[in-house]
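Each of the next two complexes has chain A plus one more chain, namely chain B in the first and chain C in the second.
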Partner chain A sequence: MTTTPVILQPGGAPAAPAIDFETTSEIGYYSLVWRRFRARKVAVAGIIALTVLALACALGPYIMSWVADLRHQPSLGGAVDPVNAQLGPFQQGHLLGTDDIGRDLLFRNLSGGRISLTVGGLAMLLTIGIATFFGALSGFLGGIVDSATTAIINAILAIPSILLLVVFAKSFGQSIQTIVIGIGIISWPYTARIVRSVVLSAREKEFIEAARAVGTSRARILTRHLIPNALGPIVVSASLTIGQAILLESALSFLGQGIGIPTATWGSLLHDGYQALAHPNGFFFALWPGLLILITVLSFNYIGDALRDAFDPRSLER
Partner chain B sequence: MSALRDLDATAAAGQPEPAHGEVIYAVRDLRKYFPVRAGFLRREAAQVQAVDDVTFDIHRGETVGLVGESGCGKTTTGRLLLRLIEPTSGSLTFEGRDITRLSFGEMKRLRPRMQIIFQDPYASLNPRLPVGDIIGEGLRNAGVRRHAERERRVADMLERVGLRKYYINRYPHEFSGGQRQRIGIARALVLNPTFIVADEPVSALDVSIQSQVLNLLKDLQEEFALTYLFISHNLQVVQHVSERVGVMYLGKLVEMAPASELYRAPKHPYTQALLSAIPLADPSRRRERIILRGTVPSAINPPSGCRFHTRCPIAQEICSVEEPRFEPKGRSDHLAACHFSDTGVAQELAEKAAIA
Partner chain C sequence: MWKYVVKRLLLGALTVLAITFVVYALLWALPEKPYAQLLARPNLTDADRLNIIHRFGADKPFLYQYWIFLTNFLKPFWSWWGWPPHGPSPPDLGDSVTFHDTVAHLMSLRLPNTAVLMGTAYVVTLVIAIPVGIISAVRQYSKLDNFVTSASFFGISLPNFWFGSILIYVFAIFPHSHGFATIFPAGGIHTTGLESGQHPLDLAWHLVLPVMVLAVQSIAVYARYMRSAMLEVLNQDYIRTARAKGLAERRVIGRHAVRNSLLPLITLMGLDIPVLFVGAVVTEVVFSWSGMGLLFDQAAEANDYATLMGIVLLLSVFVVIGNLIADIAYTWADPRISYETSR
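Our next item is the complex of A and B:
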């Protein structure tokens, strides 16, 4: 912080300029965050990778079925040759090869990505919603609400998450909705704890007391002052949660408890590829979904890390 | 209770120079005990006696300084006066109205009349809100619904405190400490209050900026006919700005007098020790410092009798047994809580300590 030099006049008080700092440009808080985020090249690369991937998953399957029937569905009447049906990359016009019954792997992986990314995104929204609500209330109200929320959080964290998810899917059906809700239930405690701690510390700041001094109601203090101050950690958490949700969904599908056949997800493709590893072309079958999961989760993690640094108040203050 | 009578008598007899109006804020037997919770069931294990039986008056248009070291309860007192913290007991009478038990809604209507300026200009402004929203928040709460009207009044107030109108859309991180403090002052003043608690308003600022902000506060006091409770640990700043000064020790008000009187003839040994610690600008004048033994005792389990007796240079037997009354010493407007402030030993100490 620079200070204006004080000119001492003989026998008088320091000459006080009306403005004690040079003018600064008008930058909002969030544009500063964005500026800092942009400086992290890996995170920007992650955003580009995810955008390309999401567009490919959304549009790819349409384009492919429109250009040519690359699905290469084996005719029902003919006998499927298990050895020759599974093609390697670039064979017979299949960019990534085919699976054990001759279905195009590019098509399968892209349409599987739709499900995986959708589950990840929806589960993230649900997680953040529940977590922000309970975390903020718990940190703000304290007392019995805080004790109750903390008890629930600890209880959920004590149960192995995959086990809970399997039981949940078995009980309520292996659909997208069930799996999204299941992931939401096991993921929210992590974010809720973060939101709670941020609100808890922000609550004691002088600007909250200042808001009370000018007559601001408790509800408005929560929505206008406390939650916006927790927004940084919430966004970071959101980004990491998508990656985790995709991993959870993949793990569930890999165990055969995910969204049912014939719908593909990255997890179920990984499972099928794993089963086909004995085949000479099986390696690629398993490689593609694994690679896509890796790229996606890695991108979200890098974005989350960069956001964390960009939101860090210590790097914003002079 | 006798202290209360004496205070009222003092008020009736009229205040010495400068002449001020009626009592704007009457504080009686104000007490705040914070619970210390421990154990599995969070049972109340002890109490921190942060503020204990504090009684004083503030007159319209004057500046009352409140000094004391960290943890003596001066900040808590300021918060209590604004009902930002609920008092344990005692009464608060603001502009003739008992506000001790007012509801949130009633307080909300009253809040524009009484405001606060905070110590830390970095922590007291929400980093996520532009300056216009920070200053305009109180106006909105006070029922100024139209955005344009709020903006106009905020912009006017920005100019009054020495900032530019166009700063209204900027965020706190774009300002220096001194500018931020001006924003904090504007937030309080835009509501057109009569009474302001200034809680260490310059302690966090560079020395070069301190005088600017102090002068600004002085100018605004004249312009808006403000009454200040000026809380600080800086005795010289308090002497400079206050007409009357109160000294707190471990939750108790131990002495209160007109500033000139307090600095010239301190009655309480604690005040004397504080004053003797002020460095003098005159190198030819040698002074003996009154060094206090030990540290401040815990407010959870304060000493019996006079709370200062464990460190007092002139303490006698009675001090650990009987709590001295907060009563006039010598003149009606000079109150202190000490059994021996009129004795020769105390006079000697006072002469050592006096700086005015």
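Our next item is the complex of A and C:
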């Protein structure tokens, strides 16, 4: 709110600090959205946190593999000493400590974050794709398409997600692709419902009638008018979906049914940390990945919430 | 009304059928078979192997196997119609390879444990979330409201298995490793030796941490939901009328607003059953609480498909009935909604 720029009104006098962006005609819709979004400091902090985290996960492992020793191997008469392998934070140059077989936890967490964030992002793209397609079609066409989609949506919502994911991962292998597709199949109903309701209400509006009156084809009305109209809710649920996908993936990995070893994800690190909880220094092993998941999901949730208010200021007024 | 209920039940039966069919097909197609360990034993002749496969029914076509699964489950319900009526016998869901027990018996042992855990968590959630939601809606944008809003963001974003692990460390492992008694136990339902079910205090002591994990998350969801429902109601005309008539604010809120804003919560409770189960799986695994969630994890780990199918079946029945009850309760609580006219 401190960053609201002073905009000269047609009269020439500077406007009051609280500008009604709705009536300032010089600003486009998306810059309006951006301004409203920017006013939410937590959401901006979330974006910064996510950028830093994503960069660290993308570049960190490379840089670390050049400069740091990634493995702490105390030897005990030739063999690795299992008792002293696990270090606490800041011990012997390991910033976050090491895991129970001496691997550097900073490295493990960053490379795990790479997988977790990738899974979250890809699952979001898939979810949004399926949801927009089916949601828009069922809202636009109605009739049997709508009933069929609604029935499928209700059936998917009736099954606990983790149950389907576990069965899915067992059937098609514990790989990134499987997990992404599984999460996509589970989470699209939520977004599809939203898209459907937006399309359903926009379908009856005047601008669609106008488009129809000038002879626009149905496909064009759907892709150029109705779906763009639902863009706000889609972006919002995209942001929330990434957070949910990361949580789901980590829960699955925590149960040991996620992406298989030796690939680390935050969930599998947490699983190993949980197993090592009673070891000396084991607490930190479990602490870091959970903290990273919390920061990531919290950021996505804050961003999604701020986007919702930015796209639809009426939701603020209540 | 009855027409609606029957229609919903038929639709529900169809949903259960569809869900079990899909999951049965997925499990059937898995490369790891539940009888793999039996086949791997040494000194088996080919005839023995065929016999084992035959006993699991795996030599039959897929649809036939599914049919057997379904009819075995329905048989006891069917036999109640006979004369003289048979006593209620548990449905036959097959045998668990890993637990050496029938699936129905296994689930009947585990279900009460989950019910205790989830029931307590649910009560705690409602007792805390409803007042918190109401107060933060009435005092919108106050310090308390802002705190509740940001705290609920935290609750939603918290990975509950991590939260559970941290609680275990703080309340059990840390005190124990520093020579104190554990404040709360690290897991389990009873202290060893007190398993008879005659020690409610011991049970309550074991409940604290898992309930905390489950409740924090659902309080976050429910308080947010309650807050927005309450805000919606507070903006309606009849509330203005009530105020204009000069009713005390306490009465406006307590008598007029709260009652109506509780309504959407009923639907949420009905829809929440699958979500709650996910929480139960993870929480029960973290705290080794031997309920349905842990059973699911163990069965998945051991490729015990009969048990998995039993859990899927039971849950989908719960979901269908839960949603139906929620919808009927809604008409009962809100006379404006009626399924007679809307068909």
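Here is the rule we use: the second predicted complex is superposed on the first by the 279 of 318 C-alpha atoms of A that agree within 3 Å, B and C clash if a C-alpha of one lies under 4 Å from a C-alpha of the other, contacts with A are read in each partner's own complex, and residues count from 1 in each chain.
Criterion: contacts are C-beta pairs under 8 Å (C-beta built on N, C-alpha and C of every residue); 3 or more make two chains touch, one makes a residue touch a chain.
None of the values given here were measured: they were computed from a predicted structure.
In the superposition on chain A, no contact is made by A:D146 with either chain B or chain C.
Of the two partner chains, chain B is the only one that A:P228 touches; chain C does not reach it. In the superposition on chain A, contact is made by A:A251 with chain C only, not with chain B. Of the two partner chains, neither chain B nor chain C is touched by A:D312.
After overlaying the two complexes on the shared chain, residue contacts for A:Y274 are found with chain C alone; chain B is out of touch.
Shared contact residues of chain A with chain B and chain C: 318.
Those residues of chain B lying in contact with chain A across their complex are 79, 82, 84, 104, 107-108, 111-112, 115-116, 118-120, 122-130, 137-138, 141-142, 162-164, 169-171, 173-179, 184, 187-188, 191, 206, 208-209, 211-212, 215. Residue ranges on chain C touching chain A, taken from their complex, read 15, 18-19, 23, 26-27, 29-30, 32, 150, 153-154, 156-159, 161-163, 165-166, 168-169, 173-174, 177, 228, 231-232, 235, 271, 274-275, 277-278, 281-282, 285-286, 296-297, 300-301, 303, 308, 311-312, 315-316, 319-320, 323. Residues of chain A touching chain B in their complex: 1-6, 13-14, 16, 18-21, 23-24, 26-29, 32, 205-207, 209-217, 224-225, 228-229, 231, 313, 316-318. Note for the complex: chain A touches chain C at residues 42, 154-155, 157-164, 166-168, 170-171, 243, 247, 250-251, 254-257, 270, 273-274, 277-278, 283, 286-287, 289-290, 293-294, 297-298, 301-302, 305, 318.
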